[in-house]
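In what follows, chain A forms one complex with chain B and a second complex with chain C.
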Partner chain A sequence: MSKIEIKNLHFSYTENEEILKGMDFVLDERSTAIIGQNGAGKTTFVKLLKGLLRPTAGQILLNGADIAGMTVAQLAKHIGMVFQNPNDQIFKNKVIDEIIFGPMQIGMSRAEAEKKAKEAMAFVGIAGREEENPYDLGLSARKLVAIASIVAMDTEVIIFDEPTIAQDYAGKERIKDIIRTLRAQGKTVITIIHDMDFVADTFERAIVFAQGKAILDDSTKNVFAEKEVLEKAYLEQPNVTKLCQKLGYEEVFLNVYEFIEHQRKLG
Partner chain B sequence: MKSISLYEEKGSVLNKIAPESKILYIVAALVIPYLIGSRWVSLGFIIASILLLLSAKVIRKTVPILGVSGFVLITVLLIQGLFRAGNVTPILSLGPVVFYKEGVNFALGIVINVLNILLSFCVLILTTKPSDMIENFVRKGFSPRFGYVFISIFQIIPQMTETMATITDAQRSRGMETEGNLFIRVKAFIPLISPVVMSSLINTKERALALEVRGFNSTIQKTFLNDEKKIPADKWIQLGMVVAIVAAIVFRIVLVVMYFM
Partner chain C sequence: MARIEIEHLKYQYPATTKLALDDISFSVEPGEFIGIIGKNESGKSTLCQAIAGLVPNFYKGSYGGKVMVGEIEVKTVEVNEMCKTVGIVFQNPFNQVTGSKLTVYEEISFGLENMGIPKVEMIKRIDEAMELLDIIKYKDRNPFDLSGGQMQRMAIASIIAMQPEVIILDEPTSQLDPQGREEVFQAVQKLSKKGITIIMVEHNMEKIAQYSDRVVLLNDTKLVAIDTPQKIFSRDDLDSFGVEAPVFTKICRGLHLKNEETGCYPVTLEEASRLFQRLVKEESHNE
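Let's turn to the complex of A and B:
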């Protein structure tokens, strides 16, 4: 199980405009969603985690070691990231070749990489499509190829950038399953996302970014209870939460199941 | 998105006048000194260009342009001044190194010409938004299809640069080294370039569809979203330039005729 400590993290692209203005928190085994308005610094933050950008001040410690001492390629063994648009990474003519690329880059043998790739394909639900051309697949299946290509790298930490884009209901349910299973395997799952219902259903912890700061950091339930703070960060509560509040319930419900469970108990 | 155009909006008169006026100015600045055959005229245009650039507050942007060509010009001056065939009159000697009048004179001609060309083009490029210029051409009968091709270059290149940056990030995230010796860079080429090509192709198709649904190929007379860039004085500026060019042509013809008489 990995621990990522964020210590007084600052970042700016240009001298007079600071994007991240001092962040302090620890990412632990809980699956964590980072939410916030566009421009709040979410993408910048995950790029810093991946070493693609370097902090202007402060530190990021991965299991106690400062990542400033690691190259992006070295970090790739520990932290995987699924980019928003699968087209940004796919370059092979066969699905299987695309998926074994990452594992082989981080030093796995071909046999091992193929084994991991097959497992990852079965895991995300695209088994049997090894020989197809990724660009013949629809966008939602191509996204699953991208996810499999990172899962196959078997990193301790996996970051998802907007995993639900271009996914229908079935696709979202599948990605929920993927995230929950990765969590159960002891991996640290982090996502940046705009889909609040998905967060409410899937993640244990939510961190709200606004204007370069983490203004809320708690269990998903507690975060979504803070209606006023969320509004200030231009975020909405999940639909079920809003509905139940309008119906006059004091308690915070994150999704349909919670609400039904609650009603059943009341008999 | 970063622009690849050197243009910057400063609200100056040069920003407001019609691009055609500036193009005519370039034509005049290049043609008139040639017709009259005096480098003093070129010098006059250089001074005019500098004054125009000063008034448009963009003179600082010419520094890098002049810096690059300045280096070449200095070597021209050195080589011609020292070694030009026909060098006979020394004007300056630093120990064994002797500069000759003929060579320096010849090189100065080149320097003045190059500076004149560069600065007069700067007057256009640094103060004109490319799409405004193309739009004015289209108004004057230039094919809108070609107009679009030219304008889209200014949008597509920055977009591709951005896509390239994201793709580099995505592949580095999968453990690929992109920096280092030549071998590493060659190995990184395919994983980086394939997604760029693929997504460019996809984008092109979608762009074509998006244009077509908005009537790109419609044969009906089109209107323009933006007002035409021009000021009342444009007419007079353009007239003045044309008159000056014609006058220079007449001057030249007279000169030739007189020579043969």
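Let's turn to the complex of A and C:
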């Protein structure tokens, strides 16, 4: 089980404007959603985790060790990231070549990489499509190739950037299932996401980013109860939660099933 | 204003072996807001391209049936002519922005310059479009310095300035945060109220239910139904098409609560909460 400690993290691209203005929290085994308006610093934050950017002040500790002392390549063995747009990630002509690329880059033998790739493909539900060109696949299936490429690297930490974009109902359910399974395998799963209904249904913890700070960090249930804070961060509550509040319920329900159960008990 | 009439439309992309659209027929009244839903690869985007004439005139392939937009038979008109009547807004505004213009104002002028619109008329149209999409305050900004929601509204403004009668939006909000999404939906609703016909593909069913006059449900390249959001989302077979009902509809279905006036399950937050509140009142009345 990996632990990532964020200590007084600051970052700026230019001298005049600070993007991250001092963040402190610990990412642990709970599946965590990072939510916030466009421009709140979410993507910058995960780039720092990957070592693609380096903090202007503060530290990121991976299992106690400051990642400042690690190269991007060294970090890649520990932290994998699935891009928002699979077209930005995928560059090989064959699905199987794409998926073994990452594992081989971090030192696996070809045989081992192929074994991991096959497992990852079965896991995300694209088994048997090894020889196809990723760009002949629909966007939804291509996204699954991008996910399998990272899963095959078998890193302790996996970051998803907007995993549900362009996914239909079945696709979203599949990604929900992938995240839950990775969590059950003991991986640290961190996700940047705008789809609040999906967050409510899938993640244990939510961290709200606004203007470069983590302004709220708690269980999803407690975070989504904070209507005013969410509004200030230009976020919406999940639809079920909106209905609860409109009806004046004190308790917050996160998904359809909880709400229905509650109503049935009322009679 | 143009009425859209689609009759027995069949289409197959070149170098493929399966139909992408199979015998689609329906019509749309001027100023209607139509949501198109269906699982991935059910034909939603292809249908959009067929209304805009890119199918078949850009993509080629085999084509049967007829698409009429007002008096125009889409197939018989060149793409550069068709875009004056039907405008398309892309999923990702980054792909739509020309990249060659330094300000929002110039970006919106681009389509008009290409159409050869006289200067006085052009200025009038740009001002109107910016006003309608509420982006006048960004007119001197670089398009790439805008937020996603602002950029998408600029993309819509540059289409609006060409004064199309129909606007097609293919998942215009999937890249946006919740606030940006709401901005775009409200802007589009305003256009629809001005009499512009809206055709929108969208995966967010709560928004489709809230804003659409009617919903087109596609499945495996075929039209399943075109009807009100209430009727579409109350279908018992909805799951079998890989489509999710809005959260509010799922809750009411789970509790067997139909709206007596419509005979359907509620589809929006307002409709559902009204129904719940009425039930509570009736209960306390009975006690």
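Assume the second predicted complex is superposed on the first by the 262 of 267 C-alpha atoms of A that agree within 3 Å, B and C clash if a C-alpha of one lies under 4 Å from a C-alpha of the other, contacts with A are read in each partner's own complex, and residues count from 1 in each chain.
In this text, contacts are C-beta pairs under 8 Å (C-beta built on N, C-alpha and C of every residue); 3 or more make two chains touch, one makes a residue touch a chain.
A quick note: this is a predicted structure, and the numbers were derived from the prediction, not measured.
**Q** Using the touch definition from the top, say if A:83 reaches chain B (first), chain C (second), both or neither.
**A** So A:83 only meets chain B here.
**Q** Scan A:239 for contacts with chain B and chain C and give back first, second, both or neither.
**A** It touches chain C, and chain B stays clear.
**Q** Does chain A have more residues touched by chain B or by chain C?
**A** Counting contacted residues of chain A, the larger count belongs to C.
**Q** Go through the superposed model and pick first if A:47 touches only chain B, second if only chain C, both, or neither.
**A** first
**Q** Does chain B (first) or chain C (second) touch A:8, or do both, or does neither?
**A** neither
**Q** Classify the contacts of A:102 with the two partner chains as first (chain B alone), second (chain C alone), both, or neither.
**A** The answer is first: A:102 touches chain B but not chain C.
**Q** For chain A, which residues are in contact with chain C within the complex?
**A** 37-39, 138-140, 165-171, 194, 196-197, 234-236, 238-240, 242-243, 246-247, 256-257, 259-260, 263-264
**Q** Give the list of chain C residues in touch with chain A in this complex.
**A** The contact residues of chain C facing chain A are 38-41, 91, 147-149, 171, 174-180, 203, 206, 242-244, 246-248, 250-251, 254-255, 269, 272-273, 276-277.
**Q** Applying the document's contact rule, which stretches of chain B touch chain A when the two form their complex?
**A** Residue positions touching the partner: 163, 166-167, 169-177, 190-191, 194-195, 198-199, 202.
**Q** Taking the touch rule as given, give the residues of chain A at its contact with chain B in the complex, in rising order.
**A** Interface residues on chain A, with respect to chain B: 47, 50, 52, 71-73, 76-77, 80-81, 83, 85, 87-91, 101-102, 105-106, 135, 149-150, 153.
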